[in-house]
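What follows are several structures.
In the two assemblies presented below, chain A is common to both, partnered first by chain B and then by chain C.
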Partner chain A sequence: MDAIFALVILMIGFMIISSSKPTETDDIPLALAAENFMDIMASVKLNEICYGCECSIQDVQQQCNNGDILNMDQSMLDYLGELYYLYDEGDILKRQELIDVFTGISDEIYREDLYGVELIIDNRQMYIDGDKINTPNLITSKRVLFGYIENSVNGQVTYWGPYSLEVNFWEK
Partner chain B sequence: MRKAQIISMDFILTFVLYLFALSVFFFAINDSYFSTNRELDVNSEILFSKISNIYNEYSFLDDSKVMSVSKFDIFLAGYNPLIAYEHYFQSFESTAFSDIDYCIYLQNGSDIIRNFEVYSKNSQDYSIIILNDAIIGEIPCGTNKVLTYEDAIPYCKSDESIVVSKPVLFEQDIVQLKVLMCGERA
Partner chain C sequence: MRKHFSQLQQDLGKMRRQFSQSLQGLGKIKLNQKGVFFSIVSVLIIVLFMTMTQLASDISSKESEIEVTRTRIKVLNSLIKDMEENYFEKMIYVSGKNSMKGLSKYYYDENWDIDKTLFKAMEDTIDDGILIDKFGSPIDLIATGYMKKKYTSNELIQNISELLEDMGIVVKKLEINITTGNISQENPWFIVIEADAIYDLRDKDGIVSWRGTSTKSVNISVIGLYAYDYEGRSRGNDQKITADWVVDEPSYYTENSMLTKLGEDRRQINPAGVTTIKEHGLGLCSPDYEVGLEDHTCKNDTQGDHG
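Entry: the complex of A and B
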């Protein structure tokens, strides 16, 4: 009788262990979307989306034509950092340029009807699309930005950063 | 044995059997029993890593950048779907499906600007349609790989399908690299 008891208890244990499996989170596609977003922003340079000032992203093209882009050989993410530095130094118009570039690029990368997005640089909210308060699945992707601006006239170099750049994604 | 001992033993036995029945029930309805490897699924992170593996002759992606148009079109001209299947998808095979077909395409807005097909040796009838044209009829994925198809939405003839995507740079444009998988249940 004891042996039967032991056998049944062992079988129960085996079934419980085989039944338990970590549940797969639903946030995986969202996390990948956030990572993909950061990857392409960090790896693609401005001169790769532009031929001269003829750019595939309208807002970048406009700023290039205005002579606002000082260095075309920097990534899209670094350019956001540079715009933030100039805004932080007192050029308040740079904030709108920063938002225009960010939304211009992000429009090409993710679907606005599916995802909400928030951009925070140096702990300051620069842009938000949608309401993230009640979202159950918020994914954050972060990068540290730093760089320099070289004055083309006298060659003086000004270093900026480091800033933390944070992009929050959530499903709408 | 005394009567109280017999009652106690019956009680314990009943409880253990009850637990046993519950275990059998939950074991039977568990996802891992019914679902794992039975749903069409792919780990897109691993899949895109395979496609961008620089040691692979069938790689056309470098991180988030597709090779140049000229190189990519040469790659497509000498492209073999069976070899691509071995490189990209063979490790994702599922016993629940007799056939899985794949369509890899670059989408710029609503236009498909490049497309190519992948299928295994088992495939008898390729199941992915890239465009349904009023005059020509159904155009399977892989037809005129470098032709731009406007407002094209690839779809499967088979029941099960999944699509994964990744934003990539192709020439100066940021486009979506997409993989549509279509499965035929075994």
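Entry: the complex of A and C
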């Protein structure tokens, strides 16, 4: 009788142990995806994905053809900062251009059916794809953005930023 | 006698019963001891398992903390890497160009009365816009509208420091110093300045710090600066440089570079004892320049890449 009692206690013990064991989450691929995404955005320049205005990313090509890109010798991340600056200065169309460029680039880098993404610049949400509220794993990557636009005809320099850029990733 | 015998038998029976009852009691005690032993062992095992669980949970929590810290450090490392590879240069460009534009406009308004080298003048003004004249008096180029305060290195550093602090980095030191003497010109369209960005940044929790000096060479476009033509060894056509200026052809006489025009070793005394301006070359001519003057021409088909 006592042995059965002890066995019951042991079983309860095992149950407690198994229930209190923390669930391990496998977020390494997610972290890598986020890291790669930001590294590519920060290091690849527009003139590296474009030959003239023939660009590997359709939305960038369209903006290049429209003459909207003032400086091809800047990273894709800096270009987002520049678009944000122009939007912040009152050119509301630049927000959509910013989203188009961001999604155009992100579509090339990761599978949007697998990952959700949110872009925040200067503490303002610019884009979100999916629902991040219920996600157990959220990877945040941050960068500082600042730069300048120089008019090549009269030498006028306009400095923009610094802005914080935050990209949140999660598994859908 | 018989009575005694039956009494004895009864007593003996009583004693037997009592003895057998005592024996039964002893068995019960033994059984109870076994139960207590099992209970104690069970409790000990449970305590052991609970301790192990707690320990595993603590370790896991510490691992999570370490992982969070590692991720944070990674994020901060990326920020610092970006600063080093990209943004220090931009800060030097913006503050350097602000200083050069302010100085050139000031010199233009003061009839090109320049008493120090461009390096010295930039060293004075790049951080706060205060130029020290030959009498040691300060001239505030920001208050007089020659320079923009928000583009001085002090302001840029202040802005970036505030943002970094919001992101969890404490800025102990962040300075931009032009490297002594390192201003040069090898292309008519660009003045090269070399500057040190000195930084001491720390994580807000004091876990990690980044200290170092990053030396950057920056090509600053001369478009937008004020200049003049020096044709016939006299100054003329004072105005702002725009994209339609042209590179002077290096021949007998060459137009002075912008570095020379803005004060770098520009004075020399000729054998007659007259102070003149050195002829360095690498100059640009304004669109008003008289093309094709004797001894010198300003070719307009050699315009460099200045975009």
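Note that the second predicted complex is superposed on the first by the 147 of 172 C-alpha atoms of A that agree within 3 Å, B and C clash if a C-alpha of one lies under 4 Å from a C-alpha of the other, contacts with A are read in each partner's own complex, and residues count from 1 in each chain.
Please note the rule applied: a contact is a pair of C-beta atoms (placed from the backbone, for glycine too) under 8 Å apart; a residue touches a chain by one contact, two chains touch by 3 or more.
What you see is a predicted model, and the numbers here were worked out from it, not measured in a lab.
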item	value
Which partner, chain B or chain C, touches more chain A residues	C
Touched partner set for A:L114, first chain B, second chain C, both or neither	neither
Chain B versus chain C as contact partner of A:I128, first or second or both or neither	neither
First (chain B), second (chain C), both or neither touched by A:E48	first
Chain B versus chain C as contact partner of A:L93, first or second or both or neither	neither
Chain B versus chain C as contact partner of A:I9, first or second or both or neither	both
Which of chain B and chain C A:S56 touches, first, second, both or neither	first
Which of chain B and chain C A:F37 touches, first, second, both or neither	first
Contact residues of chain A, present in both the chain B and the chain C interface	5, 9, 12, 16, 21, 39
Chain A residues within the chain C interface of the complex	1-3, 5-6, 9-10, 12-14, 16-17, 20-22, 31, 35, 38-39, 42, 75, 78, 139-144, 146-148, 150-157, 159, 161-164
Contact set on chain C toward chain A in their complex	34-35, 38-39, 41-43, 45-46, 49-50, 52-53, 56-57, 60-61, 71, 74-75, 78-79, 82-83, 86-87, 90, 93-94, 97-98, 101, 150-151, 156, 159-160, 163-164, 166-167, 221-225, 240-243, 306-307
Contacting residues of chain A [partner chain B, same complex]	5, 8-9, 11-12, 15-16, 18-19, 21, 29, 32, 36-37, 39-40, 43-44, 48-51, 55-57, 105, 108-110
Partner chain A, residues of chain B touching it in the complex	16-17, 19-20, 23-24, 26-27, 30-33, 44-45, 63-65, 166-169, 172-174
